[in-house]
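Two complexes, one shared chain (subunit A), two partners (subunit B, subunit C).
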Partner chain A sequence: MSVAPASPRITRPAVVKAVVALAVIAFAFALPYVVSEYYVGVATLVLVSAILAASINLLAGDGGLVSLGHAGISMAAGYGIAWSVKEELPFGVQLLVSLGVTLVVSAVFGLATMRMRGVFYLMITVALGMICWGIAQKWSVVTGGDNGLSRNWPPEAIRPYWTYYFVVLAIFLLATLALWVISRSPFGLVLRGIRDSESRMRSLGYRIASYKFAAMMLSGLFAGLAGVLMVWRTGFINPKSGDFIASALPLIMVVLGGLGTALGPLVGAVIVVLISQVLSSYVDRWQTVLGLLFIASVILAPRGLVGGVRSLAARVGGRIGGRRPPAPETPATTE
Partner chain B sequence: MQRRIPLRGLAVLSALGAAFLLASCAPPGASDPDESAPADGGGTFTVGLLASETGFASATGTDMKNGWDLYWDQHDDTAGGWTIESVYEDDASDPQTALDKATRLVEDEKVDAVVGPVLANNALAVADYLDGAQVANLSQTSADDVTQRKSSPYVIRTGAFAGSQATFAAGQWAADEGYMTAATICPDYAFGWDNCGGFASAYLAAGGEITNQLWYPQGTADLSTYATQLAGLDVDVIFAGTTGGTDAIGFLQAASDYGIIGTTPVITGAATTSSNPLAQVGDVTIGVHSVTYYAEGNDTDVNVAFRDAYEEAYGTIPSVYASGAYLTAQLLDKVLQDAGSDKPTGTDLVDAIKKVAPESDDLVWGTVSFDDYNGVVAPLYVNSVAKRDDGKLWNVVDKTYDDVSQFWSFDPDAWLANPTFSQSFTHQG
Partner chain C sequence: MEALSVIQQALNGLTFGAQLFLVASGFTLIFGLMRISNLAHGGFYVVGAYVGMVTVGATHNFWLALVAGALAAAGVGVVVELGLLRRVRNKEMPEVLVTVGVLFVITDLIVAIFGGDGKTLNPATGGAPSGALVIGDFRYPAYGIFVIGVTVVIGVVLFLLQRYSRVGAIVRAGVDDREMAAAMGIDIDKVFTGVFALGALLAGVAGVIGAGRQSLTPYAGTEILLYGLVVVIIGGLGSIGGAAVGAVLLGLIDAFAKQYIPELSYFTIFAPMVLVLIVRPQGLFGRVSVA
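The block that comes next holds the complex of A and B.
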């Protein structure tokens, strides 16, 4: 394992990465000037989905804790907004209500899963997600039931589709940066330690359950953020935003894009959203395409597209730069 | 470590700054907002057909598309001096997708009207969007509020009855037959609440008494536990309002297995006795009653012509969704024939449909008009399942209730002041 070299030598992979990142960001900024409202809306959806996927990525990539119920949290946050709009509460209060709901639901998720791992963690999160969906479906006085709640718009200033796109883009960049920092913080390193060997971390004196709880709360905050942005995008929410498929798709995005990579959720979101939104206009069996792509990715690039490209690049040009293994960073030696 | 942070961090920070800057400056010139009145000359009328072609409701989307296509195939895609151009979009049975696709139809395809969607939640969301975009929506959904609490001058329900409206006649029929007590079974969400709400409202108003109401979770396929409960009840009639999917098959099968069919009269909503559940469950369903706004076994000249053409084209008996799309096409055709060279869009199109419908005597549903809220007023048929000469099961009309409005015999203002149907608000009056 090569720890980052001490000399400030700029490596080729770093340059390539920076160029790719800048190109992607430049493309993202140019987008609203070249495509129609519909495609800007799709791009917004990509970014919002990527935030939700990134919240799962924090748990699954760093902590090895795969959640299949995160749409439950994001939907709860969305309903926080929608219910406040229905009750005609002021904007600040809407945000507070949504934050409160997010924290409560995340805490329930966290408490129920803090002593779980592996498939048990997965199953508990599935169950919790379905409970959220069930409540949204049944509690129609508050949630509007299956018919949902409409016209939950953000403030007028960010309402136009292109303004909203830039706002979401900014929030996405901030969220990605924050997650990147978290992932590389001592907290992130502990999470990775738990992922790699829970018993060893316990014997080192870490309170595993607390870390898992905290990770779920953090992840829940980002999921809640995605939920709010999702509602504002179309103004509409109904229990479908929190059903099993809504929880599964962001996980598919993470796996497709690259588990544990910073860009993976975005790459996955681009693929999944383009297939479900754009390709579906031309191909009736778009779900088959998505399924085949997912299978192919799991077989051919188990680390997802970002991981796959990274190891390919490492194989081709890795001799020159500081090569390092795709997912895990240096082990937690710098505590 | 320290080296990488500035590199990426700087990029992200500058990008952030740029994002906030851009968000606060002038709109991109890519699309100017005021293009809701397309002026694409050449006499083309563009219709966006928003249907659920994939997802759990895909059968409805296929039927809707078939009904629509059949009409325009028969009429060479022309109506008066206009050429009809149909743009198809799949909402994947998902409301968020439906909203995105509706945006695409309006912004990219510049459609003059949107037909669909069928699913209640999709349709409510899309109607709301089209109301804002000022594009006419010829809705095909059963969601009550599309033409009730959320009615809009841009939205007209041309292809379906409201969920509760579609079952009024079942309640009236049960009372007319002298059945004094009833039990109901419906799925436990908006569609089921509306379905049972219509039956219960009309039945109670006609003097009946409902002793039990069973609700099963959405997506339940095995209804045998509910059937045993129903079989143990001492009631004169049972109303079932399934969604027409696996729950319809499950209900009919269980009702047969536990001896309900044949001992207690059963009347269902339209979806339960649609062609797929009947074909799956088979002859045991013969004699089951249903209430529908389109009865395939109706032997009017218009319907026989429609039915025969549909069967020849697609090999199946037309469903309510196919008939709804066909009716919508008929109405649009008549409007465009009268339109001359001014393209009717937005509220003009809706108003023209409201005007032309009562003057027409060749509509596939019979005599059709529209109320002040753009809800359809048309006959409801009480049918029973019978076997056709070729062995296929279908619904034959026993009794017709003409001019059924979405408010039945109730006062619209009082109706609209009440909440929507739910488990805690099960009937009007």
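The block that comes next holds the complex of A and C.
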């Protein structure tokens, strides 16, 4: 016989969550002291990918707006840096150029999609993403064409691999916090309202299109951030960083990890990066493995790993706790 | 001479437009009935293309290759529909995501079997029209004319089938009201599988024909699918007529842009799409409401 939690405020799931989060953060900070340079590089890639995935999670999880073209935005931000480096602009200007490019491309994405939803939204983002990729390939005066642009390093101070890892880790934590705040803000609430019933939100007087546009701009900023960090990691960028696969991978991460959960993008990024970077050195066909895993996850575990674990925990907790009512599956939505 | 070059570019545009129509029509057919945005369509395209290439290599018969490629793509389509999509029926997002997964697997398996580098399918070795059409000073590859011809025939057949045949009536009934059609005793599951197979078949045909014009890589399908998507977004999702207009429009724009402003060739397909989206979000001939 177990006893129900004494304090109604500190619930067991909250404690579990806090412990898990702290353990993950502690592990992340300890990592460079434990593993080799190669794996620190992999971990950096995980974190950068997770930021890009989280930017999609903001749109898809809260707003129900699934973007399959986000690599187009992050690549544009990366080219902003790379082009500035090529033109030998000072560091501050490099950042401004990248920010400007990110805002312009996000605004185009936002304007083209703000009246769309569902598969239409998804298809238009696919087309936009692939147009970004095509422009990167053809506009070689600016982008260097297929050869890309190299030697785009961050400032000397954060260039060593382990310093860079800590910088990315700090930015990842801040970005996750920011997204968590956004998701719980009135703005995030409106987005969830739009996801659940657009017509209701419209009749309540919300300007749906403006909210969708704003959500894309916000999401684009995080995608751009990921794009800059991606370029600095290897110093190199080419059109491949914005092709269809590059856009599909972060979405796969979000869905594998668990759509709309704070931890989902990170969990998904760990799985996908492990498959694409580590498993790929043993198995040539990592994309097949990933594709099959993804299909299986969509069909069998539609709420992703984090969602699955959460409902499992709720079920187990309910059985052990006995008197505790099982956690509600999903909030009931009525049309 | 200037006029001849314009005609030449126009024909290039029409030929590419014809290829785009073959890709877009299958995509839009599937979307029109099933509301599935089938991103695996690019995968069906490369399946058809590679099977066609192997068949031409083995039999030196282009026509056989066309049939084999089309059937192979249709076969893969049926497997995907029955094995996977049926399990997530009517769930908009999972359906799309499954097709993304399928595209990943198909592309990767093609790389595994054939390698990632460019291949060519030479239609001339298989008895397809080759050489050049010569009228005075004017020369144009006969294969291009052949592509346009085949596409027009397929387009007309599709139109007649949809408009006048019993199968077409059933499909149109399904598009208009799926539940009502099912209530009338139509086995909508069978219709879905059939339409999905037909869409995949068209992708396979597009693949074989396309492989005769452009270098073939495992990613060729994904690339042409971009154009196909823009075509259906401009033309209106689910509309075969819209796909035809959009394909010709985009083919011509692309050909002239490549000739006169090659650096900006991707801006030029992007501009009409955004313009249409702002002025008429459902596309030129779209009936479905998008929001």
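Simple rule for what comes next: the second predicted complex is superposed on the first by the 309 of 335 C-alpha atoms of A that agree within 3 Å, B and C clash if a C-alpha of one lies under 4 Å from a C-alpha of the other, contacts with A are read in each partner's own complex, and residues count from 1 in each chain.
In this text, contacts are C-beta pairs under 8 Å (C-beta built on N, C-alpha and C of every residue); 3 or more make two chains touch, one makes a residue touch a chain.
As the structure is a computational prediction, the values presented were derived from the model and not from experiment.
Three-chain overlay on subunit A, with subunit B and subunit C in a clash. Using the contact criterion defined above for the overlaid structures, shared-chain residue A:124 touches subunit C, although it does not reach subunit B.
Touched residues of subunit A, counted separately for subunit B and subunit C, are more numerous for B. Judged by the touch definition given at the top, the superposed model places A:22 against subunit B, while subunit C stays out of reach. By the touch criterion defined above, A:277 lies against subunit B but remains apart from subunit C after alignment on the C-alpha atoms of chain A.
When the shared chain is aligned, subunit B comes close enough to touch A:34, but subunit C does not. Of the two partner chains placed by the overlay, only subunit B lies in contact with A:177; subunit C stays clear of it. Using the contact criterion defined above for the overlaid structures, shared-chain residue A:294 touches subunit C, although it does not reach subunit B.
Look at A:153: by the touch rule set out above, it reaches neither subunit B nor subunit C. By the document's definition of touching, neither partner reaches A:206: not subunit B, not subunit C. In the superposed pair of complexes, A:187 makes contact with neither subunit B nor subunit C.
Clashing C-alpha atoms between subunit C and subunit B turn up only in stretch 113-121, chosen from 77-85, 113-121 or 257-265, once the structures are aligned on chain A. The interface of subunit A with subunit B overlaps its interface with subunit C at residues 137-138, 140-141, 284-285, 287. Across the complex, subunit A meets subunit B through its residues 4, 8, 10, 14, 17-18, 21-22, 25, 29, 32-38, 40-42, 45, 137-138, 140-141, 145-148, 150-151, 158, 160, 162-163, 166-167, 169-170, 173-174, 176-177, 180, 230, 234-236, 238, 240-241, 276-277, 280-281, 284-287. Those residues of subunit B that touch subunit A in the complex are listed here as 1, 3-4, 7-9, 11-12, 15-16, 18-20, 22-23, 27-31, 53-54, 89-90, 92, 94-97, 99-101, 103-104, 107-108, 120-121, 124-125, 128-129, 143, 145, 150, 188-191, 193, 218, 419-420, 422-424.
Listing the residues of subunit A that touch subunit C in their complex gives 66, 68, 108, 111-112, 115-120, 122-124, 126-128, 130-131, 134-135, 137-141, 198, 243-245, 248, 251-252, 255, 284-285, 287-288, 290-292, 294-295, 298-299, 302.
Of all residues in subunit C, only 35-37, 39, 84, 87-88, 91-94, 96-98, 100-105, 107-109, 111-112, 219, 222-223, 226, 229-230, 233, 237, 262-267, 269-270, 273-274, 277-278, 281, 290-291 touch subunit A in the complex they form.
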